[in-house]
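The structure under discussion is supplied below as structure tokens; questions concerning it will follow.
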């Protein structure tokens, strides 16, 4: 029998696979805070070829995602399959002479997102997240308007690793927060089972289309990073907490490109 | 020491209590479907004094809630505390000569909501829920517009008890779906620990203020009820599945009234 | 229609109720650590009539419970219904001249346990817990034997509130750790919805039968209490961390007794 | 900077990686049921080179695992990291002339287990599971003894896909249930991001050491497979439900071997 499926599990039909190949589509609600951390520690988190800005410039981003895939309508049809929460660190810098970002740590709450991320080179792990959802009516929640305070937090195995908030002051048109606009450089890494060397080890970049943002709300950020036995993000304790952002965002991923590590580095094993 | 707190746990400060007294405020995103079930089985689910419509008329409602309380700003400030998902059945009828609703079954996913509900007489249990969140941009999700299909489902101990969807056809102004507009009649029931008779057993009604809805989107409903060892809702298998609704909703609860069961009934134990 | 059920939701059959009345049976695996905290803060957590030992003596207990009820075989038959995790603080003292315990804070992970606890006067809230499960074979886990280190932790809304461990040194026959042997004094508190005064407010004690323990393993305890916006347990930061205990435990609860607060106190509202 | 880590996320220290390389150690509590399904559908689920028994012979296995790794003591030390639940289907047959098993579907509830499984070729997805935990004392739970009924169930996105039970009749020494003793043949599959062909696609087998079982309890099995939009296991509806088994099990995995698909097949794409 020919087993089919872009990922495991494969079957005669491929219907049980965790996810289909791209194109994938994303529509999300973002809360993000820019900050700076110890520049040396930030530099420790990037691959060969990626040059951090040098001042420890980072962003932390939370997003409630709705996602879809051209090859599998069940992802958009079933909110249990297509919706998930994501929290990630972005390090700002340049790669190949152009502005770029690197995501050293990222947590999600679904297996589709976890595996889709690992395939692209996002270093995803599972985490529990909560994030203020904007409301349109009444007094039960928070609106996207000046004075609205949007909070978010992420925990891993019961340890709070990120606690963040943005209090909106104004709408800013034609602004792209750097935390969400960066072109990301990833490491695709998949171990072999029969030898120590990895089966896959390469830099990669996503091919992104139709990137758009809604009204960009600017505000004052708050950010605390917490310690965990299993995480290292607390090493990036903020030295300055800067701008905060609340916005809708959408884009598609149509595929990606691979960059052999030998080309990107000076011999480091990356 | 005087221990304080409107609910347990009490302490010297009351800060650890599950929730404070009303006023409570609610802002939510609703997906609802009207349906009819066997009229006799529907009649089996209402208390003395409540007269079902006679045709088995019911609604099933999902809501993503953001909630707040005047006496505790932490509820709105922390999305883990104030936000939750809710799924409930409404039976339509009359009480005391006026149009009313009864909620025989309801599931939520937070302890604040569970206990706040039990105090009011909502028969809340925990359940896992997923519900399509509307998006504003891009191709990752579903928009509130004609053709948008909003899905929701609820599971209890791994059994899917409700699977529902609404495909929007049009906006309807000045319409209040009956599933969300009903004035509810609850049973407050709290056991004693030293005798078989309950410590609290009375009918009750919430005192609701500032009820409002956003644009009411009408559509075609889909609804399936599933069986579980621990639930009875599958006994209400839909005979007709009717209108569906997608909308924002908000209101406040400022308290409630109690109706001794002896006054409402002809001696039944209710 | 007569609606039946010891708790909500009531129905014609009572099959959907969260739980039936006692007798209830409990079989569990315990990890516990004795400690002392600031005596004044401990005294702030007890009701009128309960005298703490005066030296701030407390225990923190984790238990993996399997539970059953004579009136509902589904609880033992379905592990999703009858099994749950529990983490609680015990304050040691005397009540009515006899040795007693008080549980100011307790977290569980099921609605059956949450509501069953609130009915008895345990101040239960939901929390996420993990606890080392003893193994009998192989190298994947920890055995109940000298050198075995049993860990447990509890988190509430993503904040780690308790982290605990016991490294076993020896079996101790005929020993009852004070954290598990205390006769508990609870506050049953249930708000009214139509007035500020509670509908139920009384002290209570469970009627416990057939209490038994398996081999009692003694060891060295570790304990850290963490802060949360929603909890107060971190106020009891351990001044001394003492003995640790690992054991199987079982008992039945056949009912309880109520003590009007006016009898127990000198007029305090408790 | 050299980024290290056997899996993502990599860092300067490697401490944040999801998991380290083998050796890995496993100690677990098993409930398993043997059954037969439609032989054609079973044959549809195996890779080239694997010959099913021809009579549709399968087992379904639940296990509560405690796991450890030589290279990372945090896995055994923290129950949130090292303990997880697993539910899987085994198809019985032969590979390379010897008795072997194939796992077409498997669900777990931790990211460590999900990723460790995918690396080995287990087609893991996330699922919610509950499983009767044996007790040693009291009336709250079930003992490993004749008459004890052990139940387990697994759900994916709120759909119950497997419901199983074993009622013990006797201990059977020197018996290895076929569902747990099979040498497994996996497919390691990892997509590329820059082309349709996979980056990794090979058959593999784990290198298992120190396999042991405790007392093997035999009994009568019960098994139901349920349908889900996202799963295909319901296609294997049991035609005969056979023996059931309850036991402790342990082993170590020291690595694995890869078998290029071209060698195993006659040109099929697997």
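We just call them A, B, C and D in the order they show up, numbering each chain from 1.
Here, contacts are C-beta pairs under 8 Å (C-beta built on N, C-alpha and C of every residue); 3 or more make two chains touch, one makes a residue touch a chain.
Predicted model only: the values in this text are computed from it and were never measured.
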item	value
Per Cα centroids, the chain farthest from chain C	A
Rotational angle, Cα trace of chain B fitted to chain D, multiple of 5°	180
Whole-Å gap between the CA centroids of chain A and chain C	40
Centroid distance [mean C-alpha coordinates] between chain D and chain A, Å	30
Chain A and chain B: spacing of chain centres that average the CA atoms, whole Å	35
Multi-chain contact residues (two or more partners), chain C	77-78, 80, 130, 153, 157-158
Chain contact graph, described as a line, ring, star, complete graph or other shape	complete
Contact footprint of chain A on chain C as seen in their complex	128, 130, 153-155, 157-160
Interface residues, chain B side, partner chain C - complex	1-3, 5-13, 15-16, 18, 21, 43-48, 74, 77-78, 80-81, 104-106, 110-111, 114-115, 118-126, 157-158, 187-194, 196, 199-200, 204, 206, 229-233, 255-258, 268-270
Complex contact set, residues of chain C against chain D	25-28, 64-68, 76-80, 82-83, 130-133, 135-142, 149, 151-153, 210, 212-214, 248-252
